[in-house]
Structures are given as C-alpha cells and as structure tokens.
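Shared between the two complexes below is subunit A, which has subunit B as its partner in the first and subunit C in the second.
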Partner chain A sequence: MNVALIILIIETILIGMIPRAMPIFASALGETVDQSAGILNLGVEGIMLMGAITALLVDFFYHNPVLAFLVAGFVGLIFGAIHGILVISMKLDQTVIGTAIWFVGWGLSGVLYAATFGLSSSPPTVPTLPHIYIPYLTNIPFFGRFIFGEDPLVYILIGALIAVDYFLNHTKQGLNLRTVGHDPRVAEIMGVNPYLYRYAAVLFGGFMAGIGGAYITLGIVGSFYFDITAGMGFIAVALVYFGKWKPYRVFVGTLIFGAVYVFYFMMEDLYPKIPYEFYQMLPYIVTLIMILVIGTRAKPPASLAIPYIKGE
Partner chain B sequence: MILGLLVSSAFFILFRLSPFIGLATLLYEGFGTVYGWYNTLRMTIPLLIIAVGLSVPFTAKFWNIGAQGQFILGEIFATWIGLLLSKCVPPLADIIIAMFFAFIGGAIWAIPPTVMKLYSGANEIITTLMMNFVAVYLLLWLVSGPMQGAQARLVGAPSSAPIPAQDMLPLIPGTQISTGFLIGLALAIIFYWILKYTEFGYELKLIGEGEQVASYSGINIKRQIFLSMIISGGISGIAGMVYVYGITSTLIPQFFSDISTSFGYVGIPVALMSSLNPIGIIFASIFLGGILNGAFVMEAIYSIPIDVVITIYGLIMIFSIIGIMFDLPKLIKRWKR
Partner chain C sequence: MNTKEPIIRMENIVKVFPNVVANDGINFEIYPNEVHALLGENGAGKTTLMNILYGLYKPDSGNIYIYGKKVNIKNPLYAQKFGIGMVHQHFSLIPYFNVLENISIGLNELKINLNLEKVKKKLEEIMKKYGLLVDPEKRIEEMSVGEMQRVEILKLLFRGANVLILDEPTSALTPQEVDELFRSIRDLVKEGKSVVIITHKLYEVFQISDRITVLRKGKVTYKGLTSETTQEALVEAMIGKSVSFNDFSREQIKVEGSLRVEGLTLYGKGNVPIIKDVTFELKRGEILGIAAVAGNGEKELIDIIFGLIKQNSGKIILDGKEIQNKPVKNRIEMGLSFIPAERLTRGVAAGLALYYNSILHDHWSEPYIKHSIINEQEMRNFARKIIKSFEVVAKSEEVLAKQLSGGNLQKFIVGREMLRSSKYILAVNPTSGLDVSATQMVRQALVNMRNSGVGILLSSEDLDELVSVSDRIIVMYKGQIVGSFERHEFDKIKIGALMLGKNA
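Then we have the complex of A and B:
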C-alpha cells in the first residue's frame, strides 16, 4: 500500500468514527456519573432503545429534531427515575433491576414501533442531522472535515464532556457525588444527602442514555429496526470501566469504538473473502479484550451497586 | 407477577384491542386447547432446562446473562457431532454423545467470562452478554458457510443438514411432546436436590448472601463459582441440543433481535420469578412458555409483535423480585428509614 492510500484510510476512519462513537459516548457519559454516585445502571441498553424509538416517532410526526432529542431525553429521564425508585428507595438488586429495565425498554420499543408503523411495512425514514460546515476551516486538508464538519450535537456532547469532567473533579458538588459513590456513610456525616445525589445521578444517566439512543436514529441511521442498539448500551457500560470513571478516558474509549465500527465497514469492502460475520463480531470481541486488559487495574467506586441503608 | 401481566395487558390498547380480550386470548392460545398445550410445552422445554441451569450461579448471585450464547454453542456442538456420527453409532448412543458434547460446548462458552470475573473483577453481565453476540455471529457464519446443508445451499437458506429422523429424541407415546420435557423434569429434580441438600448448594447460598461471610466460613469461593458456571453453561448447552434434536432438527440462525428463539434471555425471568427453586421453575417455565406461545399466535392474528412478551417478562422480573426480597410491610418500613 502506498502512503496516499494509508492517509485516505486514516482520514476515512477519523471522519466516520465521530458519529459512530457518539451514541455510545452520550450513554457512557451518563453512566460515568451514575457509577460515580455508586449506581450501576445496566438498563442503559433498554433506555437507549426507548430513546431511539421516541426520537424517531417525534421527528417523524413533527419534523422537529430538537424536540425529538428533548422528548427522547425525557423518556430516558423517566426510565432513570423508575430505576432510581427501585434501586435507591426500594434497595433492590441493581443487577437484576438493570436487566429488567433492559427487557422492558427492549420490548416496549419494538411494541411502539409496531403499533405505529405495523409489522410488515417498510421502515419509516427521517432525515439525519445536518452537518455544520464552517467555511474555509472545513477545507483544511486531512483534519478539516474531521474537526469542523460534524453535526451540532457532536459539539454539544463535547461541551457536556468538558462540563461533566469539570463538575466531577473541580466542584464541591462533584466531590460530594464521588463521596456518595465511595462511602455514603461518610457523605452522610459530611452533611450530604446520599439519596439526593444518587437520584440526581440516575436522572442524568437516564437522560443521557435517551439522547444516545436518539442519536442512533436521528444522527446515523435515520430509521429504526428491532433492537437497533445491538449491545451498544452494554458496550457503554464496559467503556466506563475502561475509562476508569474519568470522563476524558471514557471519551477516548468511545472514539476507539467508533474507529472499530468504521474499520469493519471498510474491511468488509477491502477484504470480502473473510466472512462478514467475523467483522460483526469485532466490536464485541474488542469489548471483551478491553475489559480483560483494563479490568485488573480498574478500581470501581467502593460502594458501586451497593444500596445505601441508613443506620446499617 | 399477576400485577406484571395486568400492567402489560394495557399495551393491547395500542393495537386497538381491549386489554381484557388481549390477555384472555394470550392465555387461551397458550393453555386453552390441546394443540395450544403441545406448542406451549415445545416452548417450555428449552426454557425449563436453561432456567434450571441458571438457578445454580444465580443462587451465588453470579448473574449469568450468557445462557443464549451457551445455548447456541450447545446446538452447534450437538449438531456437529450428531451429523458426524449418525451413520456409525446407534441412535441412543448418538443422543448421549451429542448431549455430552453440548454440555462441553456450553461450558466452554461460560468459561471466559467466569475467569475474567474471578481474576480481574470484570462485570459478568457485560462479558457474558458480549459472548452472546459473538455466538450469534458464529452460528450465522457456520450455517451459511461450513455447516450449511447441501439442500439448504441449493435454495440459499442458512441452515444445516437435518439430523436423521431416527436420531431425534422420540415423542412421549400418545402425545406430541418430545421426551426432552422428561429430561428437563429430571434435571429440575436433580438440581432441586443439589441446591437444597448438598454442601455445594449450601455453599453457593452462603456466597450469595455475602462473600465475606462465605470466606470466613472457609469456602473456596472461586472454585464454587467456577463450578456453578460450568454447570450452568453446560446445562444451557444441553438445552440447545434438546432444542435441535427435539424440535427444529436443523441448526438455524438465531438473531439477537428475534425474541422467539431467545430462550437464553427468557430463562432469566423464569429462574427469578420462581425464587431459584428448580421445582418452581417447572411451573414458571410452563407459564412463561405459554405466554410466549400465545404471543406467537397473536402476532399472526392481530399483528402484535412478539416483542410484547419481553416487556411482560421485564415487568414480571421487577414485580417478582419485589415480591422475593420483601414482604410489603417490611418494604414500607425500609422505605421510611
């Protein structure tokens, strides 16, 4: 291969990976906050599916992507609240409830889709988000499209990344939140209400998962099919482990995933002799390897997935 | 559980169908007719076996979500060895060997997530789930590539060559129920005994109550959890073998989005709603199998997607775990604290 081709490949990966990474990133960012407060939300996959279908429905009937994203986020918020009530107030097992929330979201998204569009009809399409092309800057060779040619939500999410990182690491409330995740008893002694922080965290996590799901339908595919997320929610949870609960590291992890997705689409064209099923396995195998590599060194918040019961 | 059903019956309104009629149809198609019962039991068999397998690691609070992948690997191994040996050994030996290989296949798929959990603390839900996806694509590749049957290749269908009829599990005389159901019942009884009366079962229960307690009492936690996952994976594999040898007779792809073949996922609520008691699992699997079968019929009649079932299962899971963990007064007391 010559140099020009390699540069072209890298450029294609760079341009393609950002949108592919965003749904996982939005959910993973919410999950980072969730887990920092000690809540393991395994229902992300289900919430993403609900976000995806609601965004599609709203955009299909009202042609308003902004409203679609907001409604999807709101649905995510509701699911986050349900999850919160079950695991924070009722202190149920977070793993089982997470799985149950996944089932509910999984089934309900399919039901809503079929109730609106029927089972056999061809899938509805909505336009995907427009990209912003900043004049001149977009034309910079190699990096231009990659940095200055994304759709608006990408920039909003990167803003959210900076904000969340600042919040977690540089504000008093962020410190409180991490203390709640580490040891709610200490937090309580410090005069912090652990329940309040945990609820705020699950609500934020749910909202972001809804947005992440909405991005799949409105940002990438422009349509919906059954189980459209195909495990992205769980990959997001895995990436929080990979990112060691640090937003920037999580972001890097999701970019790697974006690159993996683009890579396999590209390799399918370049080397069609290898059965495509192996390419489709790739994201999941990469997840397993990532967990394996990082797992030994990652140290989760001490009270992750442990309900806080006053006085015990 | 009943609450879960009632809540989910509200979904029928979405399809311009009254919730009551919807629920009644669902249950009638599942349990109302002899033919319905046959189909229900057909759904029940893999559910029953998988849920019995799942109850073992679940007792130790090790959440194995990977039954689907282990099920698929069991199918692959059993079909492979069955097609290989069908001409040279008698049917009974073929069935036993296939069952053995299915156990190995399922167990192999259960090992990596278990090892990762025990030695690096990776969340088992994520790892077992990722293994499911890999298994789905592995199966898809096998049935449209190396294991595709000659006839299937002619029409371009992704499926393996059929298991010869004499090697299939026989039906229970006088009925249309596969003897796989008896295998499931036997496994349920065996594991009821194991979980209740053996040291292994007792130690798993202790691990489930808290690893600290368990390690104080000198239990080798890693060994027992590893063992429980091997058993669970292997039994899910046997479920795969029984499914191929008793129901489909060929290896067909199982898409992640297709709930009608996702017995590995449905097995989770089955195991949980019966408080991980294998005898209870028999009834729970018949019940949820009936709902699954009823939903199949409803998809055909009213074009209500089968996905409605998975929502019902999720709600049943939530309501049953509330029921398992607390009685209501205790719950209120806990809330107030």
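Then we have the complex of A and C:
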C-alpha cells in the first residue's frame, strides 16, 4: 500500500466515525449521568428505538428536524420518567425493569412504524441533517471536513459533553449527584435529597437516549427499519464502564467504536470474500475486548443499581 | 452545674417501630459546655433517640425545645441549622472522595461552583482552632478509622455545629486513637461545644463524661452527674435488677459425648484478634450460655464452630473427632444444627416454600431424598409437623418463607432445627423479635431438647434469657472468655459487669 492510500483510509475513518459514534455517544452521556446517580438503565436500547421512530414520524409529517429531535428527546424523557417511577419510587429491580423497557421500546417502535407505513417494501425516507460548510476551513485537506464540516448536532453534543463533565466534576450539584450514586444514605444525612437527584438523572438519561435514537434516523440513515439500533444501546451502557464514568473517556470510547465501524465498511470493500457478518461483528467484539481489558478494573459508583430505601 | 439551663430539651419522646417501642417516653437534656454520656445496652434505643434529634426519624409523639423554644426538626438540614451535628456509627463518608469533597457534599455556602480552594481555607482554620489535623486532599479510603472520625467531626464543625453527637465513636478505634479522641472532645468542650457520646462501655463514661443518662428498653433508668454516681448504680440501670428465674423443669439424663473447643483463635483485619484462645466444653444434655455485648467475638465463635468461617488456630472436637477442617455438610451430618440470628438471609431461602425450607439441612438425606429423587410428600409432612408443633401461623406448608412475619419465621426455624435429629444446637438470639408467648415457647423447647440429651450452645443478647435457661454461662469480652458461672452462681449484675469489660 502506498502512503496516499493510508492517508485516505485514515481520513475516511476520521470523517466517518463521527456520525457512527454520535448516537451511541448521546445515549452513553445520558447513561453516565444516570449511573453516576446510582441508576443502571439497561433500557437505553429500547428508548433509542423510540427516539428513532419518533424522529422519523415527526420529520416525515412536519419536515422539521429540530422539532423531530425535540419530540424524540421528550419521548425519551417520558420513558426515563417511567423507568424512574419503577426503580426509584417503587424500588423494583433495575436489571429486570431495564430489560422490560428495552422490550417495550423494541415492540412499540415496530408497531408504530408498521401502523403508520404498513409493511411496504419501500421504506419512507427523510433527508439527513445538512453538514456545516465554512469556506476555507472545511476545505483544509485531511482534517478540514472532520473538524469543521460536521452536522450541527455533533457540535451541540460536544457542547453537552463539556457541560456534563463540568457539571459532574466542578459543581456542587454534580458532587451531590455523585454522592447519591455512591451512598444515598450519606447524601440524605448531608441534607441532599437522593430521590430528587435520581429522578433528575433518569430524566436526563432518557432524554439523551431519545436524542441518540433520533440521530440514527435523522443523522445517518434517513429512514427507519425494525431494530435499527442493532445493539447500540447496549454498547452505550458498556462504554460507560469503559469510560469509568468520566464523560471524556466515554466520548473516546464511542469514537473508537465509530472508527472500527467505518473500518469494517472499508475492509468489506477491500476484501469482499470474507463474510459480511464477520465485519458486522467487529465493532462489537472490539468493544467487548476494550471492556475486558479496561472495564473490569473500573470501580462503579458504590450504590449502582441498588434502590434507596429511607431509614434502612 | 445543676443550675445551668439546657440548650436542648427532648420531652416525652416516643418512637415505635413495627416490632418494638424503641423510645418510650424519654426525657433528655443537653447542657452547654458538657460531655453527656448516653449509656445503654444494644437495642436500648440510644441511636433512635439521637436520630430523632438529628431529624432522621420523626418521633411518634414528644417535643424538642432549643433554648426553651419548641422546634420541629424535619430533616438533617434543620438540625444543622440549629447547630446540631451527628457522627453515625457507620461513617457518613464517601470512601472514593477526598476530605474536601466529603465536606462539600450538600454544603449550603457553595452555590453552584464547587470551589474547593475556599473550602480548604476555611477547613484549615478550623483544624488549627481545634487541633484536629487531617490531610485535606487525602481520600477517605486511604485513611485509618481514627482519621475518618476526625473528618466526621471536622465536617460538623465546618457547618457550625454547636452540639456534637457521637454514636459509639470508640467501637472501631485502637486504644491510642481513643485517647486522642477523648483529648479532642475535651478541647471541643473547652471551646464552648457540647458533646453527646453514645456508648455501652462503662469505663468510658467515667473517663470522659460530665453527665449521664442511661436507657434500658426504651426508657430512662438513670439520670445524673458523673461525679455523683457509681459503677454499680449504672450497671443496675443498664441491665435491670429483677432476677426473674423463669423456672423450667429440668431433668438430668446421662448421654455420652461433648462438643469441645480448644484454643480457638481468629484474627481480623490488620491481625487484630477477634477471638483469642477460647476453650470450653459443651456436654450433651446441657445448655451453655454465651453472654456478650454484640461485637465481642461471640458471633464469629458460633460461625467457626458451624464451619462458616475458618479459625486461624485451635481445635473443635465433636464426640471425640476433630472437625475444625471439615466442611459444613459433614458437621451437620455429625449432628450439628444452627439457628442463626439473621433469620431471613441465613436461616431460610426466603423465596422458597416452607416445605422446601424444612429440609435445608437435610436436603441430601433420606427420607427426603431417595436415589436422588425428591420425596415431596415427606418434605410436606415434616413441614406440617413443624408448623403444628410450634404453632407457626401459616396457611399451609406452601407459603413462601418471606411471607411469614418475623416471629413466625423464627418459630419455624427453631422448630426445624429442634425436630431434625441433632445432637448439638448452636442458637443465636433465638427469641429476638418474638412476642412474650412465643418467647416462652421457644425457651421451653430449648429446655425440652436439653432434657432429651441435646447439647445447646446459646448466644443471646438477652441476659434474662441466658439466666433462665442455661446450666452454665460463659462471658466473652473482646474475644476472650472472661468469666464462667454455674447455674447456682448466676448473678446478673456480676455477669453484666464482665460483659462490659469491668473486672468484677
């Protein structure tokens, strides 16, 4: 291989990984906040599916992507609220409820799709988000498009990354929230209401998973099909472990996933003899290895997935 | 001293939990510039009373006055506002955070920005003023218990606490750390603070306190200045003097065999001995009581004998055979039974039906299992027998264990261990949480088993119970046997004093 080809491969990966990473990143950022407060939301996958179908429906009928994202986020928030009521107030098992939320989102998104468009062979399409174009900057070779030519949501999500990291590590409320994740009893004794923070966290987590799902339809595919998330919600949960509950590390984890994803598309073109399923498997295997290597040593918030029962 | 006005007055405090009246009309006062010891046995209601003052529990009735004004302490934030701070027995610290972060949790003076530099400045002033020194950047998980306690106290001072409540502050400290703590407490009082120290250790009271209130079973049994009291008066207030020998008819029968423990020793973290060179013999047809305040190695001792934890050295000899290295199953097969204190987590499989639970210790043997096939009918028969003979209130043997009330579950467990044919029973607090008649029934059953030749090792927090059923009582303190009494020598005051580490 010559140098030009290698540069081309790297450039393609750089440009391609961002949109691939974003849906997982949005959801993982929400899950990071969720888990920092001690709530394990395994239902991210289901909420993403709901976000994806909602965004498609809104954009298909109203041709308004901003509205589509907001409504998708809102639907995610509602799912987060339901999750919260079940696991925070009713103190039900977070693994079981998370799985149930996944199933509900999975089934309901399919039903909504089929009820609206039927089982037609030609799926409905919507335009994907336009990319920003800044004269000169976007044209810089190699990294111009990568840095200056993304769609607007990418920049919004990076803003959210900075904000969430600042919130968790440099504000009093962030410290309170992490305290709730480690030991809600201590929080209560220190005058912090654990329920309040946990609800805030599940609402944010749900909203972000809704946005993550919407990004799949509006940012990448421009359409919807059954089970479009293909496990991305679970990858998001896993990458929170990889990122050790630190937003920037989680972001890097999602970029690696995105890069491997693009890489497999390219390899598929270069070596078409290897079965397609093998390539498709690759990003998941890499994620698994990443978690095995790094995530097993990660120390989760001490009260993760443990309901808080006052006075015990 | 007597003419001082109290800062805080708790009046007629009543707090009822589902099973127990934890506080039964308590009056408690805190005076300025004093160390007030709140003394009492485990379960006397000390922590509950202070949790009420700290706003963690709401009293069922009673009032709290601060400087004569009636107040409603709805939650810990209110307590902090009134200058009340509490260090709980289990520290309220996040091990993963450093000192500054721990102090900043829920801190009102910070608005949004977590300005740790500002917190550090103020903390350093406080540390200097009270001579309580810690490294502000050090994580809690890297600290000794003594350091953690200093952080807890600093946290309260940081929030302007005027009254500091310390719940059993010495229970995990080394002797040097205790001295250090007591020095700090004296400094605090010199600086104008009041301290309430909760404890069940008698000698500490004389070392540190100015005033004493003793609780027993939710009621105040003594109140006065430390300088005007005696150890005897306090022991009596803590334990009660009514020596009610509840006589069960005892018969002596001769059965060969004994359970011997020789030089049993167990080390905990940092090579601190939990059990030190314990030796005794339990004969068949005898009830041997272990009297100890919780946390003196009595729990570990029973666990070791049953095989749940492994000793560091020493022997356990059952009917002449050494069993200290045998697995639990062997010990059960050799005739050992266990009635654990944690009945729902260790006594039963909570989610299984009673008839499955009835054979937990026999699930490998006939008649319940024959050629690897479960004989459900036999299981049901046995469960029904337990339910009937021990008057367990349960609709049928199909009820799940966790659906029984605490008392009924205990009757079921006690019944199971007594009706299976065992030679020795290890029983831990077998009547705790039972009502009067159930308690009486279980005690009667223990004595009946003894009369039929079973040896029973009974560890109980209830001294009345030990005195009423035991043939002999050994007293454990800090992992050692510090006294032994034959039935005719039983003296609750003496035993109680030994339990509290006081030389009789």
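Note that the second predicted complex is superposed on the first by the 311 of 312 C-alpha atoms of A that agree within 3 Å, B and C clash if a C-alpha of one lies under 4 Å from a C-alpha of the other, contacts with A are read in each partner's own complex, and residues count from 1 in each chain.
As a convention for this text, a contact is a pair of C-beta atoms (placed from the backbone, for glycine too) under 8 Å apart; a residue touches a chain by one contact, two chains touch by 3 or more.
Quick caveat, the model's predicted, so the values are computed rather than measured.
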Q | Combined model on subunit A where subunit B meets subunit C, clash or fit | A | fit
Q) When both complexes are superposed, which of subunit B and subunit C contacts more residues belonging to subunit A? A) B
Q. Of the partners subunit B and subunit C, which touch A:187 in the superposed model: first, second, both, neither?
A. second
Q: Scan A:277 for contacts with subunit B and subunit C and give back first, second, both or neither.
A: first
Q: Using the superposition on chain A described above, determine whether A:25 touches subunit B (first), subunit C (second), both, or neither.
A: neither
Q. If you stack the two complexes on chain A, which partner ends up touching A:215: first (subunit B), second (subunit C), both, or neither?
A. neither
**Q.** Vertex subunit A angle, Cα centres of subunit C and subunit B, expressed to the nearest 10 degrees
**A.** 70
**Q.** Nearest Cα pair across subunit B and subunit C, whole Å
**A.** 5
Q: State which residues of subunit A lie in both footprints, the one left by subunit B and the one left by subunit C.
A: 311
Q) What does subunit B use to touch subunit A in their complex? A) 11, 14-15, 61, 63, 65, 112, 116, 119-123, 125-127, 129-131, 133-134, 137-138, 140-141, 145, 256-257, 259, 265, 268-269, 272, 299, 303-305, 307-315, 317-318, 321-322, 325-326, 331, 334-335, 337
Q.
Going by the contact rule set out above, which residues of subunit A touch subunit C in the complex?
A. 169-176, 178-179, 182-183, 185-192, 299, 302, 311
Q | Contact footprint of subunit A on subunit C as seen in their complex | A | 56-57, 75-77, 80, 86, 88, 92-97, 101, 104-108, 110-114
Q | Of all residues in subunit A, those that touch subunit B in their complex | A | 40, 42, 46, 86, 89-93, 95-115, 118-120, 225-227, 230-231, 234, 237-238, 241, 275, 277-278, 280-281, 284-285, 287-288, 291-292, 295-296, 298, 300, 309-311
